[in-house]
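These are the structures in question, set out in turn.
What follows is chain A paired twice: with chain B in the first complex and chain C in the second.
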Partner chain A sequence: MTSWVDASCIIIVFLSLIVLSNYRVAAMIRVFSVQSFVLGLLPFFLHASSISNQDVFIAFVTMVLKAVLVPSILFWAIRHVSMRSEVKPIIGFSSSIIFGAMLIAGVFWVSLSLKLPGKPVSDLILPCSLSTVLLGFMIMVTRTRAVTQVLGYLIMENGIFLFAVSLSDVMPVLIEMGILLDIFVAVFIMAIVVNHINEEFEKNTASVSQSKMGETF
Partner chain B sequence: MSIVFLILFHWLVVLLLAPFFIGVISKIKAFFAGKRGPSFFQPFFDLRRLFQKNSVYSRTTTWIFRSAPIVNLAAVLVLSLVVPLGFLKAPIQFSGDIFLAAYILGLARFFIICAALDTGSSFEGMGASREAFFSCLCELALFMNFITLSLLTHSISLSSMIGAGIPVSWKLMGPVLLLVAGSLFIVILAENCRIPVDDPDTHLELTMIHEVMILDHSGVDFGYMLYAAAIKLFVFVGILIPIIFPIQSGNPVADMLIFLGGTLGLSVTVGIVESTMARLRLNRVKNLLLLAFALAFFGFVVKMWRM
Partner chain C sequence: MLTLLILMPFLCALGVFLPVSKDFRLKLFLVVSLCHGLIVASFWKQLPPGEYHGFLVLDSLGLIVLSIISFLFSSVSVFMIGYFKNEPRSNRVFTACLLFLLSTMSLVAVSYHFGLLWVAIEATTLFSAPLISYHRNQQSLEATWRYLLVCSVGIALALLGTFFLAIAAHNVHTLLLPALLKGASSLSTNWMKLSIIFFIVGYGCKMGLAPTHSWKPEAYGQATGMVAVLMAGALTQCPFLALIRISQICNRAGLTEFYSSILIVSGLLSLIVPAMFILGERNIKRAFAYSSIEHMGILVLGLGLGTVGLFGALFHMINNALAKVIMFLTAGSVAQKYGSSGADEVKGVIHIYPMTGVFLIAALLAGTGVFPFATFHSELLILNAAIISKHYFLAAIGVICLAFMFIGIGRIVLGVIHGHPKEPVLAKKENIYMNAAIVVTVMLLISIGLWMPLPLEKLIHNAVTLIGAVYGTV
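So, the complex of A and B:
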């Protein structure tokens, strides 16, 4: 099943790249949902020989929470603030892709000297999870909309989750569930906050400029 | 004698099969639109109709305009010679023929662009400029894929790059080939002016790239252009098929069926992509092409990393 794990890892990084290059928020959320779905399949591939109840549980919770619930909350948020596209990223879309590709190359180079405890199923998991974390981080810092920044945060978390799933033999399932709950609550709060920002300022960028505030009040 | 025969047979197969797959794509698109669609052989009828007509030339054009369709068709026919078509080995193979392949494409494009500029129409000049820009980015992705493939198979001849080494590579380097296949698919869509990049059916000025450059060609010349476009698509699909379906049974009939089945499958996929996706806004096309490059580069990185 190693080849399936490899393919999932590659697809997860690829989907992060797509989110990085996309400008329509709805499409970004859908891609994130697909990414979480692939991530949810991963426990089955990782322990194909002996699927335990724990694997099924993790996969189920991941899929329900990240591939269905979180995207629907995000869709609710963008519908309420009627925001459809990322307008002015700090780094343009084309340069983002090039930087993203360089980031991936850098991560793969660094990961040559990182050694995991134990024997991972696939050696691609470590560099791919790191790449996803960094790509998510890049989305978070270079995008100006609140919702897209949250998407960056979620993708970053997907990267961490990818890493955690591969270590599920040594990592207690309770901690993972705790992280998932945190994510869920965070997205929920964000959706409410974005709505409130919108109601207050009629403007849904994360950087509310000083002059605008002066105008509003 | 035998090489001449092989080349002629290769050309015969290419000339007979290429328009058929354009017909398959139109059929799929018609199916998605809820229509019955023209027959699979419609492209052949179109070509026959065009070949019976005379060409009309504008008085501002020179010999460049008249030569472009012929050069274009000749270039893609030469290109088809270095590409193995499943059951048919490539008649011409030598070390480094990928460069011939890439720059033969460049030659064809150069002549089309020159012919478009030769008409003196600002409309066609715009299309030429777009084509030049996008094909630049396409070539980047194409060459990145070629580099990765040649590293995988330790060869710079197209026939061996997509030949016997691929099944072994799928076992060891599956992720790399996955990325290469994805990237090449985007390149195919872009190079052959299929939908997310360009629409082969419309002549709307806003997003058209390739179609605008051949607006002034008519009759036989236009037929040459259409034929060349069909062959180009077929040849590109011929490059991608051995990567996606790396099965070589040794039995010519089985190989032929695998190849034709794969080509049919890929044509259907292209048709589905065309029916379900909207054309990208022009200034977003470069993102798609850069994404193809990023995919190819990612594949290259994984390959280097897994040495």
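So, the complex of A and C:
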């Protein structure tokens, strides 16, 4: 099953690159949803034959929360405002891909010197998760829209989770649930704040100009 | 008992959403805070046994943090009764979030598992965010957004640090603190170092250490005084507790020097940065926020400076929290009276509101560490530790930065106290609840500055022994 694990790791990194190079917010949210789904499948490939009930449960919760609920909250957050597309990122779309590719190369080079103790299933998990974290970070700092910044944060979290699936025995199920719940609540609160910001913005700019609505925030 | 401590505020927070009156919510919050205080006070006699297979344990370190949290919530709950008399807006979400915050902060103080610790600290971020945007105008929403985003990312890095710690501890197979301490010698050094860096960046971000402090002036400047008290006094102690727990492991694993050198550098940065920015500040709350960054720097410095510094740091945790109560509650009461906390709008406080004027002077002295306030002693202890461990340069920079802070805050506060009001303000009566909360804290801070009670000294000594600092040339 190692080849399946490798393939999913690479797919996860590619999907983050797609989000980085995309400018339509709805498409970005869908790509994120697919990425979370792949992440949820990973435990089945990792512990193919001997998967425990715990792991099945966590994978299931991950998929429901991250691939279904979180995207629908984000869609709810963008439903009013004319924020269908990212306006002016700090770094252009084509140059962000080049930077992203350089980041990935850098991470793969650095992680050569990091040895996971024990016998890891796949050598790709560590570099792929670190690249996803950094790509998420990059989305966050180079995009100006609130929703895209949340997406960057979520992709970063996905990167961290990719790392976490390789060490399932240290975290009790309850705490892992707590981590997932925290992230879910975080997105929920962020969506509410985005909504408030939009309302406030519309109140203030309604008379000035309609076109600026929802920009910056 | 520990479960009760966490569950009671949590259930009451859910109860707040029932259709009850505004006054009832305030009274409920007061009762819950006082009950919490009573339970914590009973722990001073006898520490309770651990619960849930050692996941929830209260040690003397946790007791210090828990007592700070409890005291701060009690004084804020008294202050709130006065504050909401003059505030027309609903307080439903506000009170609920405060109660959730009390519950999650208590969980931080008693959690003995690094994963659980992370979950609790992240939860404190989430429940404090809606509190900042209580006034719901554009600035406060922007401040909330910045706080949420910066702290969530920081905390996410700390989660990565937690997983790195799990890899370093792959022989131990758990992240429970006692097991980690026992197997400290078998931890993988390289992974441990990596995890330490992520922990400091992540939890440092939540504490507001420079250079990740940018959310602090915004958030404290926009939040009401009560929220700023809880954030500056109690919320920042939670990630600091996590850093202390890591130092416990480092001391056993022989990584003390590595850890303390990072702590000293980040502490020094957090001393210098606010000293640079304070002189240009024109808002009381924002100036106090810079002072909070400074104090976080002092705490981290103390943690990095061996046994004497550690004693100073733990003592400073308490003093800093009490000083923050005086500073931000006074600032909040000024802001409510004048409708602003900008130094240009607020003038002549001592002529119109004599009591509040005196409190502002007390806030200035307590916040900048002037005798007889106890902040003076703890800052002196930490400077002393720097000199004992032969960091003369560090001590010199520390003194200079503290002097800058004194000048900066003094300039704003004295300008606000004296001077002539722009237009004659109709003086409202001062509120007894608001003033009582501040007076009690001032007295407490002065009295532990003059005489340290024996139980407190014993508690801090126990905590220092627990951390097991054996480093430095002490």
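The rule is simple: the second predicted complex is superposed on the first by the 199 of 217 C-alpha atoms of A that agree within 3 Å, B and C clash if a C-alpha of one lies under 4 Å from a C-alpha of the other, contacts with A are read in each partner's own complex, and residues count from 1 in each chain.
To be clear about the criterion, contacts are C-beta pairs under 8 Å (C-beta built on N, C-alpha and C of every residue); 3 or more make two chains touch, one makes a residue touch a chain.
These numbers come from a predicted model, not from an experiment.
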item	value
Simultaneous placement of chain C and chain B on chain A, clash or fit	fit
Chain B or chain C, by number of chain A residues touched	C
First (chain B), second (chain C), both or neither touched by A:D182	second
Which of chain B and chain C A:V133 touches, first, second, both or neither	second
Chain B versus chain C as contact partner of A:I78, first or second or both or neither	neither
First, second, both or neither for A:I98, with chain B first and chain C second	first
Partner chain in contact with A:A164 - chain B first, chain C second, else both or neither	second
Which superposed partner A:L42 touches (first chain B, second chain C, both, neither)	neither
Spatial angle chain C-chain A-chain B, Cα centroids [nearest 10 degrees]	160
Shortest CA-CA distance between chain B and chain C [superposed frame, angstrom]	21
Chain B/chain C common contact set on chain A	none
Residue ranges of chain B touching chain A (in the complex, touch as defined)	171, 174-175, 178-179, 182, 284, 286-288, 290-291, 293-295, 297-298, 301-302, 304-306
Touching residues (chain side chain A, partner chain B) in the complex	3, 6-7, 9-10, 13-14, 17-18, 21, 23, 93-94, 97-98, 100-101, 104-105, 108-109, 111-112, 123-124, 127
Touching residues on chain A, where the partner in the complex is chain C	114, 116-118, 133, 137, 140, 146, 149, 153, 156-157, 160, 163-164, 167, 169-172, 175-176, 178-179, 182, 185-186, 189-190, 192-194, 196-197, 200-201, 204, 217
Residues of chain C defined as touching chain A within the complex	113, 115-116, 118-119, 122-123, 125-126, 129-130, 133, 136-138, 141-142, 144-145, 148-149, 152-153, 156, 159-160, 163, 166-167, 169-170, 173-175, 188, 190-191, 194
